[in-house]
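Take a look at these structures.
Next come two complexes, and both contain subunit A; in the first it sits with subunit B, in the second with subunit C.
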Partner chain A sequence: MEDETYLGSTQYRYFTFTPSKLSQIRQRTNQLATQHLNESIQSAIQAGDLSDSGQDLLEREPLTAEEELKLVSYYITQSVAICDHFRTGSAVKATTLIFLQRIYLRISPLQIHPKTLLLPILYLAFKSENGVTSASWFIRTAAEAGLTITREELLTPEIDLAMNLRWAFQVLHPYRGIEGVKLELLAMQAGTYRGPAGETAPPFEGTRDRIERACGRARILLTGPALCTDVYFLYTPSQIAMAGIWVQDGGLIEYFLGVKIKDEAVRQRLLKVIRECGERHLLATKDAPNPYPGLLLRLPQNGVPISVEIPPELKKEAVRIDKKLFHLKKPLKEAKGKHPPATDTSEEERRAKKRKLEKENRDKDDVFGGGGMIKRKQ
Partner chain B sequence: MPTPNGSTPTVSSVLVPAGGEVADINQEIRDKYVKDDKIGEGTYAIVYRAHVKGTGQPVAIKKIKISSASEGITMDSLREIKHLQELRHDNIVNLLDVFVGKSHNIHAVLEFLAGDLEGIIKDKSIVYGTGDIKSWMAMSLRGLWWCHRNFVLHRDIKPNNLLYTMSGVLKIADFGLARSFADPGNENMTSQVVTRWYRPPELLFGAKSYGPAIDVYSLGVVFAELVLRVPWLAASTDMQQLEVIANALGTPTELNWPGVTTLPGYCIPNPDNQLPEVDLNNIRRQFPSMSINGAQLLHGMLRLDPRKRVGAREALESDWFREEPIPTKPQDLPGKKGKEEQEKVGQDLRRRVGHDERLDGGDLDRGKKVARRLNFGL
Partner chain C sequence: MSNDDEYCPVCKSSRYLNPQIRFLIEPTCYHKMCASCVDRLFGNGPSDCPVAGCGKRLRAARFRAQTFDDIAVEREVDVRKRVNKIFNRREDEFATKRQWDDYLEMVEGTTFDLVNGTKKEVEAAEKRLREYEEANKTVIERNVQRERAEALAFMAREEAEREMLRATRKAAELETEEDKRELMLSRHAQLEALSNGDPEKAERIKQNYIKRAEERRRKARLDVETAKGIREGRALVLNSMLAKAGEEEDEEEEEEWEPLGKNVSDTSKYFSLLEEYPRVDWIDGFVADQKVAAGGYDRQDWYQRSLFEAFAGLTVFLPEDEDEEAASKSLPDRTDIMVVDVPS
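What follows is the complex of A and B.
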């Protein structure tokens, strides 16, 4: 059901993956960040910048990719609370949470703590959705919630956030599709629906109320808990919209697709995807068997509660992981005090060299997944 | 990510993905182009002519000025990048790349365009006819149709934002005021958009909720200007603009536009000379050189009530495009585009810049700047 406008979107080209690809990206980010951290500690040891010069610093238990995922999930729920404080409305909130998820695909909390990015990401999402008055207003509003941030802290990361989002600011939100499905269902129910060839819909056994209720609940789901899941990375907006309604009232969607899609095989295939999106993600529970064994996805089975409420277990986990993260990075903080940080030019040269070495590898192992580096038409 | 020398280490030095790929890709993109001379300057950007290092292919690089008000990335550039990233169409300027320069400015790489319709309309040494106008209109409507299909309003359609390539293909450009209308029922859009002469009556009456019909109206005014070769509805204040519209198209009233009196800025602009809405015959009298199909299209694009205006798609189905003379092929359209004339193009663009600067103190331009400023406060 997706048309060419969707296939041309950055959401499809840059941020849509298979489950295993998504998992692989997360593993790799964690691996590279861990490696980078160890390299930095090693050079600090060699430079004699550390009081504790033991090898044991390098043998500490690293932050795992699972822990990173949980930590980011925790900050997603924090971000929901901040959005509520700002009274952002659905569009800005949904964009904020998706920006946060997209950014932490290739950035590790080992490099930068999610808490420092929550407000800059929200600010960028506000701008992207046309909704911010000014930076001063933003800083004031944040302060009312006890969140202090300077203008510099707010604006400095912006260009880098944009770059990490690959200059793609548009997020296609599935909740927007619910209204369209609802209107069509209501027309079908009222007998006023006409298909593209003028055909009518078979009678619908049900009340307007049934349609309104299912669609209303679907909207709540898709503007809330669904934003804490991986569905945006795995499914198309219309699949998610229909899955959102399907989990409320499966019969409605089956009827709807029966009217819209005549080809039985095509319809069954789509229904299967919708059911999968609903069962495995929107309705996922901790105790159900993991449908993606071994993959690093945002699932209750992986210890990532899918809810905007912060469950006490996650909070406890987040505190533990936060501490671990702090201790892992502590030697570097100490080293920084003694040794001026590498200048930007040398950092750039270092990367230029590394880039040459890695280029071939990278071309093979497409780090951006999805549509990869799209060759644009000249 | 380089930071300006001498500054304290900022977030940007760590907000690089674990493997450094994004920063590396940024530099690769940057290294791909060679900047040549400056060809123009707008409100928020300086435009350079540039070329691809390997192939010599000409491109335009738009270097975004850093906002002095320190609001971070300006809304104009954010909107332009956001929408051009998604809108890939033959009649919409192609955004080839985005990168961050050494000085931390954002650079948008666009396909190189040879000139714009304003230049053609004003250059009295250029002779063009109905087939040419038809071709420009068809290409503009196709581009506009694609914007609207992707839920994007351009909000600044005017001759100088309709550019063309060296092979004559028209491209809608300058998406600095564009916005999405995907969220239905948005009642809080600014009416301070579109350069005054091309601004539709609903915006002049302060409508807070509007749709694709605003762009269709603007393009209708461009259509008239292409025929007349002088700006058609030129006024120097918003109030005068309404009066000029009322005299040319009729006085907006409940009769021809149900609900218009509820718009926040509604007034009767020409109380001493109230006129009914123009009909086809009246349009034909104002544009005697036009065929009946042409006049019908123009009339349809300029209806007072936005609900009665044709859509871009419907406009494209007009018989006017099918009758003689048929639309000129792009490569046969007038306008400078030959290789040997490229140098001249550069000069013309520069001249136009000078001209724009003179207008700077004028009302038209000021109106536009105000519009842009207010728009940030959405």
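What follows is the complex of A and C.
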């Protein structure tokens, strides 16, 4: 029952990938954004809006996918700091960070800078987790931390964010799962445990304290550093919960799964996945060999430390990337200031045409006749 | 009628002796006999057929006059009547022309076997008929009802048509009479005006009459058209009633719907909820709070949800190579395709 329900979730359908697929999506997003930027510059050159000779603008070193990943990771840690200021609680914090990760999976910082989206994403996460949240309260609280944002700036990006999240606002977290495991383990320890067929568990060696300590630490790990990794894309919430506990006390999970899963092959496979999740992601260190060579994943080996504190080396790197990004986009900004309608309208037209074409293609094999596209507010 | 048909094979009395003689048959064996024989032999209840070697059991009530000269035709008509009462499906019940034709062929084959077949074929055909009747009782009944409704509707339509015609005829008569009366009145008035030496007034009266006659005619035309409209409207209502007649019992057996998909149980294979779990500090403290308890917070729900989430997706393993992945993940939904990038 549990697996079927999970298979229907948006988390599984839209945001669960194999490592290579995940890396591939990131590469592709970067490629498209770079291409897009170059095209815009080219059209600006043709329109004569640029003072420099155009060619060397196009031959500048582009922003790599790896740099994008680092930049977004830096803003994830920034986001943690903001969440702490808002005293959001772990659920909203985790949802905010996962939203940020998911959004920058398919769009690139070249298109829109993460800095501008941190507060709107946090606000959206507040609303997804807690229901209605007052915008004026939000703006006031943000102002206390020195972050100024107007109501429009907060609300306008929302529809685009929602679209990029593919309207999937629910993030399935492992936290309640940890509580579930803890409950069952406590019952096993106390000897009151009964399985679905009424069977009892073999005696548990250890104290209540051992269970509570492991689960508590797992929760701290999963509400903190784990959110800076890619585990949400690669594993299911229950696997992450198990891995979180496994990292603290391996014997506990082995005992637990021994009671719960009778099929030896399935259990071994599951243990392998849990071990992999724990070793390669939750416990990853810079010095260990990279388990996924050549893939774009958030790993310390790729220069993305897993820590909720802002790591100084990442900060330095982020500042450098930010500068580079600024220079890459600078000519476009100049061009826009000089002669805005020319580039803008042609670009808009081109996009509108493309959208229309796509829509027609889609409508052709739509049994319901298609046409159901939501109009965007401009 | 030929001469040798003119006598009763049972009592040998003939039309020559008894000009009022009536010949009857019974659709079990189709042996002919005269009305007085029927009274004599079957008046006291069912009895055997008097024809040598027949011995079928016949009843007085079922005897009737022969419609067709040829007894074979008479029999075939009876058989067809019976078969058509059972095989009463209609063309619109079949998806394709081919299926309808196959059905017709089956019906005709059965009929032919019943009429012309050997004993074995007749038995087989009877069996087929019985089986079909058993299996399609509701469909047969529905079609009978439909037929009845159609007949009723047809009669009602005819009646309405007649009524309408009668009404228009009556209206026309009235109108002619009215016209005549008006004409007379107007003539009188004209004459009076002329005799008073006022030709202008006479002319005015004449014009007035012409105008009114014109108006009346237009009104009559309008009436006819309205009647037509009403008639058509009535026909539409009847048709819709007709369409409904068959539908009432038209329900298909529905497949049982399972919310989690086919053959997925709604109980867990990993856990069963215990009555009581060992103390967990924060949850027990939470439930002990009066404000929370008054709101109906149920600790069991929390247990259930935590345990569910501990196992949801636990044994979902991502495929290790890409081909397998493409096969295992279903196609994206429509919402999945719609990603529009944020304008920079």
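Everything below uses one rule, namely that the second predicted complex is superposed on the first by the 336 of 378 C-alpha atoms of A that agree within 3 Å, B and C clash if a C-alpha of one lies under 4 Å from a C-alpha of the other, contacts with A are read in each partner's own complex, and residues count from 1 in each chain.
FYI, a contact is a pair of C-beta atoms (placed from the backbone, for glycine too) under 8 Å apart; a residue touches a chain by one contact, two chains touch by 3 or more.
Everything numeric here is computed off the predicted structure, so don't read it as measured data.
S.K.: Given the touch rule stated above, what does A:E179 touch, subunit B (first), subunit C (second), both, or neither?
M.R.: both
S.K.: Which partner chains sit in contact with A:A135 here, subunit B, subunit C, both or neither? Use first/second/both/neither.
M.R.: First partner only.
S.K.: Of the partners subunit B and subunit C, which touch A:Y193 in the superposed model: first, second, both, neither?
M.R.: second
S.K.: For A:Y123, is the partner it touches subunit B (first), subunit C (second), both, or none of the two (neither)?
M.R.: A:Y123: touches subunit B, not subunit C.
S.K.: If you stack the two complexes on chain A, which partner ends up touching A:L270: first (subunit B), second (subunit C), both, or neither?
M.R.: In the superposition, A:L270 touches subunit C alone.
S.K.: Between subunit B and subunit C, whom does A:T156 touch in the aligned arrangement: first, second, both, or neither?
M.R.: So A:T156 only meets subunit B here.
S.K.: Is A:R28 touching the first partner subunit B, the second partner subunit C, both, or neither of them?
M.R.: After superposition on chain A, A:R28 lies in contact with subunit B alone.
S.K.: In the overlaid three-chain picture, which partner chain does A:I107 touch, first (subunit B) or second (subunit C), both, or neither?
M.R.: Touch status of A:I107: both partners.
S.K.: So in the superposed three-chain picture, is A:F169 touching just subunit B, just subunit C, both, or none of them (first/second/both/neither)?
M.R.: Once the two structures are laid over each other on A, A:F169 reaches subunit B alone.
S.K.: Does any part of subunit A touch subunit B in one structure and subunit C in the other, and if so which residues?
M.R.: 5, 106-107, 110-112, 157, 160, 163-164, 166-167, 176, 179, 355, 362, 373, 376
S.K.: Spell out the part of subunit A that touches subunit B in their complex, as residue ranges.
M.R.: Residues of subunit A touching subunit B: 5, 8-10, 28-33, 36, 91, 106-108, 110-112, 116-117, 123-124, 127-128, 130-131, 133-135, 151, 153-164, 166-170, 173, 176, 179, 341, 343-345, 347-348, 351-352, 354-355, 358, 362, 367-368, 373, 376-378.
S.K.: Write out the stretch or stretches of subunit A touching subunit C in their complex.
M.R.: Those residues of subunit A that touch subunit C are 1-7, 12-14, 16-18, 20-21, 106-107, 110-112, 157, 160, 163-164, 166-167, 172, 174, 176-184, 186-187, 189-190, 192-196, 198, 208, 234, 236-239, 241-242, 260-261, 266, 269-270, 273, 329, 355, 362, 366, 372-374, 376.
S.K.: Quick check: in the complex, which residue numbers of subunit B touch subunit A?
M.R.: It comes out as residues 1-3, 5, 9-28, 57, 70-73, 75, 78, 81-83, 85-86, 88, 94, 96-98, 100, 104, 106, 111, 149-150, 179-180, 182-184, 376-378.
S.K.: Given the complex with subunit A, which residues does subunit C contribute to the contact?
M.R.: 260-261, 264-272, 274, 276-278, 280, 303, 305-320, 322, 325, 329-330, 332-344
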